[in-house]
Structure formats: structure tokens, C-alpha cells
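Here chain A shows up in two complexes: once beside chain B, once beside chain C.
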Partner chain A sequence: MNYFQLFHLPAQFELDLTELGTRYLELQRQFHPDKHAAGSERDKLMAVQQAANINDAYHSLKQPLLRAEHLLALRGLKISNEQRSFMEPAFLMQQMELRELLAEISEAADPYPLIDEADQQIQQQKKALLRQLQAALDANSPEQDHQAADIIRKLKFFFKLQQELELLEQQTQD
Partner chain B sequence: MAYSNKVIDHYENPRNVGSFAKDDPSVATGMVGAPACGDVMKLQLKINDQGIIEDAKFKTYGCGSAIASSSLVTEWVKGKSIDEAALIKNTDIAQELALPPVKIHCSILAEDAIKAAIADYKQRHGN
Partner chain C sequence: MALLQIAEPGQSAAPHQHKLAAGIDLGTTNSLVATVRSGEAKTLFNAAGQDMVPSVVRYTADKVIVGHAAAADAVLDPHNTIVSVKRLMGRGFAEINSDAEHIPYQLVDQSGLVAINTIQGIKNPVEVSAEILATLADTASQTLGGELTGVVITVPAYFDDSQRQATKDAAKLAGLNVLRLLNEPTAAALAYGLDSGQEGVVAVYDLGGGTFDISILRLKRGVFEVLATGGDSALGGDDFDHALVSWLQQQTGQSTLSHSELRQYLVTARQIKENLSAIEQLDFVLPLASGEFKGQISRADFDALIQPLVRKTIRACKQVLRDAGLDIEAIQQVVMVGGSTRVPLVRSAVAEFFATEPLTSIDPDKVVAIGAAIQANVLVGNKSDHDTLLLDVIPLSLGLETMGGLVEKIIPRNTVIPVARAQEFTTFKDGQTAMAIHVLQGERELVDACRSLARFNLTNIPAMAAGGAHIRVTFQVDADGLLSVTAQEKSTGVSASIQVKPSYGLSDDQVATMIQSSMLYAKQDMQLRLLKEQQVEAERVLEAVTAALNADAALLSDAEKLNVEQALAELAKVKQGDNTAAIKAAIEHTNHITDEFAARRMDISIRSALQGHKVDEV
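Here is the complex of A and B:
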């Protein structure tokens, strides 16, 4: 299913989140199962199915990485649920170093400067990768699509790091 | 989801954690990661002139299954030739640790780490 089509949005990475939210509410109202309660069994079933599709689509389009994966899948490149290991030594070495920095935070007497340092590094890299992802997806060529897939894989590591850092911050405050 | 006793044992008492000096010519390093969960694994093998793995160390940031998988392979590769080590399959690791299907990728990661380390060794020793 083409989630962009469902939401009447152009199939591209750049997306106005406010517009997405508005479309979501409109579609939700239109296909709310209560509105089809008087219809035939088949109508009711289809409304329920469509309401589920609308929810799935909204959650996928809202998150940049899922949106990018969906866009690639529409172009015939499926990378969600892949089990393949990522092997790029320089990138992984940098991930290892950031993980070590995070490990230091949990042991530091004054963790805040380290938290700031880690946060800055993660945000900076994430921003740069998201820009690259946008450019690769906009190019819309098979070669650039593979490039985009690799950038998504890298971004997943950074989203995970960000999660870990947020967890550490919470623990520090407790 | 419950971890098996073997996973818990390796997780609580990981074998061979640490690093060798990277510039040591007998040390081969394999780095792998799993985008889906953000796990990162480093496996280092100390290989003698006869191509036998004398020692192994690992460092893994990830879930218990990823740590257990890498800890287990450091035990398994010791004393093996690099060709024998290359034959270790993720299914052997998964079976030994009784990994559930959702954690199979951790064993794939450990298998790929061995392969990456061996590739690093071959590249640096020119064959």
C-alpha cells in the first residue's frame, strides 16, 4: 500500500508534519467505524480495515526513518526487517567510541559536561546524515536509493544512541 | 522473554572482555553492527605464524544475547585455525545459547564478526 497516496501527499521524503496531522484527522473521521455502523457487514469490515491502514500509514509517515524506508520500498528496495550485519569499520569504530563515552557518563562524578558532549556529537551527526538522506532520496535513482539505504542503516545506530543517552539522563536526574 | 541459563551465565560472567593493541601485527580486528537494534560488536583475534588463533577478546554494546554470543565465540575460536574458525555458523551459536527467533540476529552478528576479523587478517597479511 502506498501511504503517500492514502494521505494525498507527494511521494517524497520532505513532509509537512502539520499537514500530515490534519490529513490524518480528516481520514480518521471519514473512516471511523461508528460512521459505518449502519452499513452492510462488508462496509463495516472495510471501514475497520481502512481505519487500521490509516493508523499504520500515519505512524510510518510521521517518523523520518520509517518514511524513508517506505519510500524505498515503493521504489522496490525493501530494507525493513533485514537481518544483515552492517560492516563499515570506520563508522563502527566511531559508534564504539560514542558507546564508550556513554559508558563514562554513568561512572562520572559530574556527568553533565559529558552528557552535553555526547548529545552534541549525536545531534550533529544525525543532522548531517538526515541531510544526506534527503539528497539521496530526492535524486530518485537506483544507485542513490542504495546510498539512501546505507544512510538509513547508519541513522538507526544514532537513533539508538540517542535513546540510550536519554535513558542515562533520566537515571542521572533520579 | 526469558533468557536461557547459558545466556545469563555469559552475560553475568563474560569471557575475554577487552582489547588487544591494534597495531600488533598478529592481531586481527572485526567490527560489525546490527542497524535494527543498534548493537555494535568488536572481536579481536591473536593469530600466530601458523594461522592458529591463540587468544581472542571482544567488546560488545548490545543486549544480553549479543554479549553472550560474542563471549561464546571467543571461547570457541581459541586454538582453532582461521579456516576452522571461519566454519562457525550462527546456527551453532544460537543452538548452544538456546536463542529465541527474535534474537537470531545476535548470533549472525557474532558469526559475521569472526568473518570480518579473518578478512582483516588476510588483508593485512596479503592473501
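Here is the complex of A and C:
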């Protein structure tokens, strides 16, 4: 299923999220099971499936990584659920350094400067990678698509780091 | 007074008819029924003039008593008087034991599920709840002067799949058509939202008798979007009462209590709690077998007792804000729901945490039933021009057991429902034709720390070499928050059969048997009811397909159209008769004939749904 088509939006990485949200609600207003509560059993079942599809499509387009993956899947390159180990020494080294920084946070007497530093690094890297991702996807060539796939794999590390950092920050506050 | 409706023979007056629908708040302590009349949602009163019915059921040798009369007997006959049954819904026998000290009746193990031994034999929580629902529905039918077409029943947002399913089973047993299970906080927001045209982010803090829910909703032009929900399905005002009972025991020096003494302590505790909401200091009298015990308690004493419980709710509020990705400043309003929010410490703690005075203008005991009534009126089709849209979420993550007793999440909590997620499995032995899958609900990583929902056996997998068969299992959660599972082998397209064994629920067969053996229905009524259900469904199918034909006959070839028309004519004819099985078969036949037609229509409608927009508009 082409999620961009469902929302009548152009199949590209850059997306107007407000417009996506508006169109999502417009679709749900028509297909949500509540609109078919008085229908026959079959109609109710179809409404559930349709609304689930719309929810899934919205969920996938809303988040940049899932959106990029969907875009690549539409171009015939599937990377979700892959079990591929990632090798690029410079990148792995950088990840290790960030992990060490995170480990320091939980032991530090005053963790806030370290939290800010880690956050800044992660945000910077993420931003840079997202820009690269956009450029690669906009090029729309098989070679650039493989580039994009690699960038997505890298970004996943950063999104994970960010989650862990947020968790650490919460624990510090509690 | 409505004008007489005149309909041509064979033509139904149904589309214009006001259908009777009600919202039911099936609470731990009290239950209510409400409906929309003349555009206004109101709770309904029974013959005795009460709208709040205690959720208490007493079984005597030959009768079942529900509500105030049963509550009055709780001290007299504690073994056969079931209170707070909601806490037992969808729970396993082994899970309840920790609470057993507070339960005066005898709990028994009904093949893993908890049930109660009464003078009328073993009753499970579904049966007990069905008695309460039937009583409320009866109040509604009598007040409204007709049978209910459908009901909306509210459940705590935090209820898991087993607890929701048990609630739906209870409604089935009570003979009710459930339009939707609605989350209580959503219902409360609906009641407030429509009243005041509220826009913005609101928190709904719902502290009932036995459950605590906290939900964050975004309200915008009729859309109620649940951003996150959390809470504790075993924390409520009852725990305040029990804290007071322990305190009272310290005062009287009675370390052990008989069942009826415990009841008496609880009654006094509840009086103390309610009184201390209004005054600072209270002199109370506790009637005991040995005479009266006179004592004194201040609000500060009470606050100290319940402080740990209230703090627990505030911690849950913090967590849910995090889940919603919001700061406290983002919350514009806080809606208070549940009788326990009358406790001053609760109000001040909530006001302090959210830094805003909570809304209490609608009676916190009635706000949920009122919201449910509003939604029931919409769902039954009385308000076709309505603009509200409720987007709810699944409260707890769904996952599968993987190697080493770990849980792999397939649908994370706070995902908008309905939702469907597929997972692929492969065989690990040559010629393997069956596979076992264990579904769990919860946030923890270990199987033992999550709640077991069901075990599925996939059978009839085509025999292939190891790793050759790919079975795609789809987990679907509907708008009621209920899970269903389908499976298909990918290369052959063969549907694998699924045998569902709910871990803490009743199978469809068990529910059917319960309905048949229920005292609520004589055998004849039962058959009539089944016939009527099929007739109603036949009518829905006829209406839906006729409307589809009128709108989109162009999508069918002449031969296809003829087939559909024949199926409809046959269904219309069979519907007039009293052969339940034949009506069922005719419905299935019509569905089968029109499946492709329905799919084509859905396809077109989804493509034209956003017709106003062009791709290049952005």
C-alpha cells in the first residue's frame, strides 16, 4: 500500500506534518468504526480494517525514519526487520564515545552539564544525517537509495541513544 | 410528542425513527445508566428514585438482589453478597489471592479464573456483572418505554484485553447489544467537551472505587485524541477504606475480624471518609458485638493514612505526561472523575501537581455515564450530522513470547486504535504443521512479569521443509481495545486455523453455555432472542446492501447485479420466517456474494475520500 497516495501527498521525504494531520483526521472522520457502529457485521469489520490501515499509514509517515523506510520500500528497497550488522569503524568509534559519555552521566555528581553535552552531540549528528538522508532520497537513484538506507541505519543508532538519554534524564529528575 | 409515522407497506420507517440507546457506567462501587433525551444527556432513575445503583449483587436461595437492597444486606449475609466485582473481572484465581484478606466471600478456582461460591452455586464475575447490567438496562427500558437498540459501556482506560472481554461477555449475557466499550476518561472528556466547547490539552484524573486512570487528551474541533493513558487497575477509593479499617483496628485493638465485622468496619470507614471531605474533625461510633466503640479522627490523620496512595497516583501522572511527550505547562484543564476525587487531599494534590484548579462542575460520579450516553446516541445513529471523532489508544503493549521467556512487543502502548500489525513466523522442522504462539500484555521484558492474554495454536500449516512455510500472523485491536488474531501461510495463501485459549477469559462456547443456562432467561426466551438477533442483523445487511446497490450499481456487471439482487430477495424472504439457522445461512450467503462488491466500493471511497486535495497542492 502506498501511504502517500492514501493521503494524496507527494511521495517525497519532506512532508508538511500539519497537512498530513489534517488529512488523517479527514479520513478517520469517514472511516472510523464509530461511523459504522450501526452497520452490518461485515461493514463493521471492514471499517476496523480500513481505520487500522489509515492509522498505520499515518504512524509511518509521521516519523522521519519510518517515512524514509516506506519511501525506499516503494522504490523496491526493503530494510525494515533486516538483521544486518553494521560496520564502519569511524561511526562505531563515535558511537562508543557517546555511550561512554552516557555511562558517565549516571555516576556524575552533577550530571546536567554532561546531559546537555550528550544531547547537543546527538542532536547535531541527527540533524546532519537527516539532511544527508533528504538529499539522498531526493536524488531518487538506485545508488543514492542505497546511500539513504545506510544513513537510516546510522540514524537508528542515534534515535536509540536519544531515547536512552531521555530515560537517564528522567531518572536523574526522579 | 412524536407525530404518527406512516410507512408504505414493505418500507421501513427505521431511518427516521429515534432509536433507544443508553450509556452505562459499570463502576466498582456504583453503576449508572444515562440517555440523551431532547438533546440532553441525563442519568435515569429506577422505580425507587435512585440513579446511582450500588454495584452489589446478593444471591439468596431463590432470588438475585441487585443495588441498594443488596448493599444493605452486605453485613447480614457477607458470603453471598458480592461487592466490587469489577476488581475480579478478567482476573485469574491465583492473581487475586493477595487481596483475599479483604474479600469476605469464598473465592474458587474456575479452571484458572476466579469465581465466587454462593448459595446459588458458583458464580463468576461475568455473571455477577451481567446481573448489574440487566438491572440498569431494565431501568432504561422502563423509563424510555421500549427495548434498547444498543448500549455503550464504559471501562477504565487501563483495562487490559481480558478485563474488556469479560465486560463485553457480561453485556452479552445480559442480552445487550454493545455499540462500543468506551474508556471512562474519554467519556468524561466527551461530557465536558460538548458542554463547554473546550479546545486544548486536558488531563482526566479518574479515581474510582477500585481503579485509577490518568489520561491526556487533545480536544480540537470535535476530535478527541487520546495522547497517552496510564494508571493502576488495582488502586482506588476502596484502598482508602481499607487503610482506615487498619487504623480502626489499631484503635479497637481487634487484630482479626470476622467477615461481618470486616463489613461493619468498612461501612464505618466509608462514613468517616465521606464526612472528612466536608469537615476537619470527626467523632465516630463503630458498632461492635461487644458494644460501641467511640473515637475521634482528624482530616490530618486521614490524610497521613492515604498519602502514600495519593502519591502513587501522582507518580502515574508524571509517567503519562512523559508518554505524551508533554510538560505540565501544556495541560490547560484537569477533569476530575470518580467519587474518590471528592477527598480534599486528592483535589489539592492534583491541583498542586498540574498547577491548575481541577474542573468539578459535572458531578464526578455521573460524568462518565453522561459521556457514555452522548456517544451511545451518536453510535446508534440518532445524530447523523455529528462531528465528533474519538481516537483512543491501546493502554498496554501487546507482545509475543520469544526464546528464553522474553517478550517481543508488537504493538506498543499508546498506539492509536484500531490497529493491525503483522508478524511473520517460520517453521523450524521439516514437515511441521503446527505452531504455538503466546500473546502477552504489559510493559516488562520477561514473560512472567507480563499478563498472559492467550495461547494460540496454528494448525493446518502446509507441510514443507524447515523454514519453508512463512506464516503471517496479524494481530488486530478493534475500537473496543479487543484483540483478534488471524494467520495465513504466505506462499500458499492457506489460512492456518487458530484455536484461541484465553488465559483469563471465557471461550465463545463457554459464554454460549452460560447464556443458555442463565437464570436470566427461560429457554424459550433464549431461542426467541437468538432469532431476533439474526433478524436484526439480516435487516442491517439488507439496508446496507440495498443502499450500496442504489449508490454504486455501476460497479457491478449485469450478471453480478442479478446475483446480488437474488441473494437480497432470498434474505428478505427468509427473514420473515422463524428459522434462525436459515436466516444465518442467508446472511452468510449474501455477505459472500457481496464481498467483492464491498471491497470495490471501499477502494473507491478511500480513493475519493480526499478528493478535494490534489497531490501537487503542497
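To be clear about the criterion, the second predicted complex is superposed on the first by the 163 of 174 C-alpha atoms of A that agree within 3 Å, B and C clash if a C-alpha of one lies under 4 Å from a C-alpha of the other, contacts with A are read in each partner's own complex, and residues count from 1 in each chain.
Criterion: a contact is a pair of C-beta atoms (placed from the backbone, for glycine too) under 8 Å apart; a residue touches a chain by one contact, two chains touch by 3 or more.
Everything quoted here is computed from the prediction, not taken from an experiment.
Student: Quick check for you: in the superposed arrangement, does A:Leu161 touch first (chain B), second (chain C), both or neither?
Tutor: A:Leu161 sits against chain B, while chain C stays out of touch.
Student: Does chain B (first) or chain C (second) touch A:Ala73, or do both, or does neither?
Tutor: A:Ala73: touches no partner chain.
Student: Which partner does A:Pro89 contact after superposing on A: first (chain B), second (chain C), both, neither?
Tutor: first
Student: Quick one: is A:Pro33 in contact with chain B, with chain C, with both, or with neither? Answer first, second, both or neither.
Tutor: second
Student: Once the shared chain is lined up, is A:Arg99 touching chain B (first), chain C (second), both, or neither of them?
Tutor: After superposing on A, A:Arg99 lies in contact with chain B but is clear of chain C.
Student: Per the overlay, which chain contacts more chain A residues, chain B or chain C?
Tutor: C
Student: Given the touch rule stated above, what does A:Leu129 touch, chain B (first), chain C (second), both, or neither?
Tutor: A:Leu129: touches no partner chain.
Student: Does the superposition put A:Leu114 against chain B (first), chain C (second), both, or neither?
Tutor: Neither partner.
Student: Which residues of chain B touch chain A once you look at their complex with the stated criterion?
Tutor: The contact residues of chain B facing chain A are 29, 31-38, 40, 42, 59, 61, 104-105, 108-109, 112, 116, 120.
Student: Flag every residue of chain C that touches chain A in the complex, lowest number first.
Tutor: 150, 179-180, 223, 322, 375, 378-381, 387, 389-391, 415-421, 476, 478-479, 537, 540-541, 543-544, 591, 594-595, 598, 602, 605-606, 609-610, 613-618
Student: How about chain A: which of its residues touch chain B in the complex?
Tutor: Residues of chain A touching chain B: 81-83, 85-87, 89, 91-93, 95-96, 99, 152-154, 156-157, 159-161, 163-164.
Student: For the complex, which residues does chain A have touching chain C?
Tutor: Residues of chain A touching chain C: 6-10, 16, 19, 23, 25-34, 37-43, 46, 48-53, 55-56, 58-59, 170.
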